Amino acid sequence: MIEPSKEYVVQMHGITKRFGSFCALNEMNLDVKSGTIHSLLGENGAGKSTLMNVLYGLYQADEGEIFLKGEKVEVKNPSDAIKLGIGMVHQHFMLLEKFTVVQNIILGDECISHLGMVDMKKARKDVMEIANKYGLHIDPDAKISDITVGMQQKVEILKALYRGAELLILDEPTAVLTPQEIQELIKIMKNLIDSGKAIIIITHKLKEIKAASDICTIVCRGKYIDTVDVKSTTESELAALMVGHDVNLVVDKSPAEPKETILEIENLVVENEKKMDAVKGLSLNVRKGEIVGIAGIDGNGQKELMDALSGFIKAKSGTIKINGKEIQNTTPRNIIDSGISIIPEDRHKRGLVLEFGVFENAVLNKYRKMPYSKKGILNQKAMEQFTNELIQECDVRPAGCTYDHAGNLSGGNQQKLIIGREVSNNPELLIAVQPTRGLDVGAIESVHKTLVRERDKGKAILLISFELDEVMNLSDTIAVIYDGKIQDTFLQGTVDENTLGLLMAGGRNHVHE
Amino acid sequence: MYMNKIAQILKKSVFRTLAAIVLGLFVAGIILAVAGYPPLRSMLALGKGIFSSPKYVSNVLIKSTPIIFTGLSVAFAFKTGLFNIGVEGQFIVGCLASTLVGITLDLPPVIQVPLVLLAGLVAGAAYGGMIGVLKAKFGIHEVISGIMLNWIALYLSNYICILEPFRKGDSNGTYQVSEASKTLILGAWKNTDDGRNFLKGIPILGEAFLKTDVNIGFLAAVIMAILLAVLLKKTTKGFELRAVGYNKYSAEAVGIDIKKNIIDVMLISGAVAGLGAALYITGNTPHKITVLSAFEGMGINGLPVALIAGSSPVGCILSGLLFGGLMYGGQALQYEVGAPTEIINIVIGIIVFFVAIMKGVPRLLLKIPRRGGKHVK
Amino acid sequence: MKMKRVVAFGLALTMGISLIGCGGKKKAEETSDKNGKDFSVAMITDTAGVNDQSFNQSAWEGLQEFGEDTGAKVNYLESKQSSDYVTNLERLGDNNSDFIWAIGFDTADALLEVAKENQEFKYAIIDNAYEETPSNVTGVIFKAQEPSFLVGYVAGKTTKTNKVGFVGGIENAVIQQFMFGYQAGVAFAGKEMGKEIKIDVQYAESFADAAKGKAIASKMYSEGCDIVYQAAGGSGTGVIEAAKEAGKFAIGVDRDQAYLAPKNVLTSALKKVGTAIQNVSEKVMNGEEVGGKTLVFGLTEDCVGIPEKNPNMDSKVYEDTMKIKDMIKSGVITPPGTETDYAQFLKSIK
């Protein structure tokens, strides 16, 4: 442990935080030097966010001390934290959609003219000054609802700087950004460091840690593991520290042997909730025995494509065919019956009934069939037996959770339950949307393996993911979606990250031209 | 340790509810004392008013019956994610329909009774179903349409019940339903000298039957509760209904038709209320409807019944009995001690309140000792 | 006319004989061979409850007074729903009340049933006359047309716009008594002063819709009525509210409702339920046989009337009204309570 000293913006020593009987943080230490980008690495649920919430005053530590520039402080709530010069950008932005950029930035810290009115002119000037100083290029008068996610993030950073933050905490800042935007973010972070600020970023993306940060503290299961110099440590070493064992980051699979086409989407047009075309004439084929991955940034029509594929909304025009049969305007039940299984993006919203027991969730897509029910009467025994098998097969933990509430399972185990359930339906086409979102490395590996195994069994698999790495590693064919259309498709290995990133952001594909 | 143990016990909802009831009575005692009524004597009077005579116990069962039905109606809808505040209106139209059929027809009881009950059930179902259709097809929130339909039911009933040929003389009510429609147990026989003498000969049962409207309603309520519990737990329909109630998005994703289920739930919920209403009319004096100046509250009282029961159908029987007992015994409280009967409403309110906050208590108990054990007794 | 007078006189006479006037209270106690302390009277309210500011409350107040005067034990039970009537009456029987009152005609069917089952108890009911009264039940009704006639007379004498209003609850025989009595009173005053006074009659279709009562009355006031009489229970309080807002007069009913709007209640048509209850209870206590019949109370028994203090009323009008009261008592005038009687009455004063 390093003695409290002025050189360090923040020092957190011996932080322990318990929730009930669960120990989320156990004697955690963190020392952030001024003028550095310090990354906090750990699996999901390792305690990174909890630690930062303690620093930001959202939680109170049960034990431990916090020092700012060598002086002991107490952070009781976020407004204390802001006064002490700590700013935090949460994973989910806290912005008012109907307000402009400047309005959002000054909200809660308005400069008041002597008439008791908000002095917007001065506010605008102040905001622009800060923005220019750190190279955060924004349109101060645009409404939040009209700007991109990347822009919104800049607004969040500006919000913190406007309140005089000397230390910025960025929680998973790259999750929603395109590669280009990530590059820009890294540039901005470097600018901030150069003018004397310090930054802590929470992430589990090794590549970004390598690219952006100077020092990395690794957390595992609420415990401090190590603090390393990023430049002299390799990605694999970092990963190994994070999970406690060496991880195979590349998906292990043989070349695909695609057969006949199962899914044919032709000139599909789907409207979004605002009655505007979101999918604009999309065409795509998926064959047996291949994984087709759709790469793209959130909000380019993936959601509407999925809603149409699931039968939640009707297509405006175009067709979706499964085995030659049109299904675009039928019911969800017909779609399931025609051999499509879907692993939904949002486990809690679309995948599970959290208040239901695991056994009820396990038969959610087959309770109407024998032997789970007969003439409208459920067969508890059959449900239980099936669930026990599924739990064992898919390694859902804790074992023997058959009658527990699904909501009590961890995210990874919930996902295993859903995947197990969908795969057990023996579908011809398996659609997986963001199947590894929020999962730790171990769970990701298991999900990927399952998808490859199903492909090898001859199933058609459609993968939609915002994680470019995942699409690139897992898919046999990569399709890039932008603005409701497939921009281009590539075989795995014939395209690099930059080309895809450019396409995802609406750039032209120079390779093919 | 001690706190932990209590917390563990209170994690069971049954014990939580019991604790809430005890606390509710306790707080009511304090309120009585503050208002200048002797709390202990009051509670004794309450108990006496419920248990001191077989007739009273019998009356508690009779009084509880309609609110068990409306409680079941609310609980069933609640289990499936709908707040059926329209239960009052469903009960009213149930009363109306069964009364009209009961007045108009006079068939042998074997046909008449099922017909009258069916009339109430169908009317309630149709009225509840309307709320379901409004929600499913037009997205109108069931609380809004429910409240509106309650008023419509009230005025509709007031209008029809003084129409010819249903209106009795110059009264502001209808005729009684025909004798054959009544669901009283031993109804006619016990008014004959033979019946009266025979019943007087049986010590406890005799009194419970004589001078009370003993009817088949309570039995029907128990059967209904079991039916609903089985429907929810053991059938694919119930599986779907619960899935929609807990998470309609997941339910939709696995192919369950949400809109159809909303309508189905409201149909069933309304039918339960309507059947309860028909049994109320056929089983209780005055066996007719009158112009109501305000809601009688049979449906609205179903809300706390369902809340105290935690929306469990079988629980509704118990909480309905509690509620009915308090309402009926409350009369004795007023008679013996002179306390206003409103105190009973306060007791019920407090119990509902405690049931609601008790959910947070186990967590609170586990938290207190760490915050500083000395503050805890 | 003459015939009517005879009938009325005869009726008054029978009452006078069969009833001991409310003033004879003290005497009754002295002559009572049954000590008031051994006597218990109880009542059940209808669903309006004991604090209804109407006849349930009057009944309970009368009963309490009876208890204080004679030392009898008195008590009440409140009914929340119409299905409570039977159980409440039964419960009073269990508590061995000597005499049991049911308040309001709503309770009539329930009382009939309970009375049949419990021949050993004595019952009475306010506001209901059975076609066949059981031997252990006494019906008590009021001549609502009499006080209505008086307030109608007051209204006719007081109106400046020559237009007055009537708001009824639900149209039935009881409310018609109020309406025709009132109309006759207004007409009588008009005749006396030689002018024609218009009467606007409307119904709220409810006894508990204050908003509707208010809406109707407001419209009447804006259309030129300056006095509105209401016999509409809870809806009637809306009428008084409307009078307050319009700065016009309303006439209260059943109780002295001046406290609702001291400056805007002209007078009230009193139905002294409490007095009637005391009256009948005392008879029963004294062992008098009143079962099996219906007793009719009116001005003669001092069980209806108008308040003694009417700050908003011209004292001359009050004096005139008292004269009218005496004329009714003596049978010179018989206020009509039905449509046919009313038509006849109009003919008679022409």
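Letters A, B and C name the chains as they come in the text, with residue numbers starting at 1 for each one.
Throughout what follows, contacts are C-beta pairs under 8 Å (C-beta built on N, C-alpha and C of every residue); 3 or more make two chains touch, one makes a residue touch a chain.
Molecules present, by chain and UniProt name: C = BMP family ABC transporter substrate-binding protein.
All figures in this text were calculated on a predicted structure; none of them were measured in a lab.
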item	value
Distance-maximising chain from chain A - centres being C-alpha averages	C
Chain occupying the most central position, where position means C-alpha average	B
Centre-of-Cα separation between chain C and chain B, whole angstrom	37
Distance from chain B to chain A - Cα centre to Cα centre, in angstrom	48
Centre-to-centre distance between chain C and chain A (centres being mean Cα positions), rounded to whole Å	77
Chain B-facing residues of chain C, complex	47-48, 75-78, 80-88, 90-91, 94-95, 105-106, 108-110, 113-114, 117-118, 170, 172-174, 205-209, 233-234
Residue numbers on chain A that touch chain B, as the complex places them	20, 62, 310, 312, 331-337, 342, 344, 348-356, 360, 364-365, 367-368, 373, 376-378, 380
Touching residues (chain side chain B, partner chain C) in the complex	49, 53, 55, 59, 62-63, 158, 162, 170-173, 176, 210-213, 280, 284-286, 288, 290-291, 293-294, 296-298, 327-328, 331-332, 334-335, 341
Residue numbers on chain B that touch chain A, as the complex places them	233-237, 239, 242-243, 246-247, 249-257, 366, 370
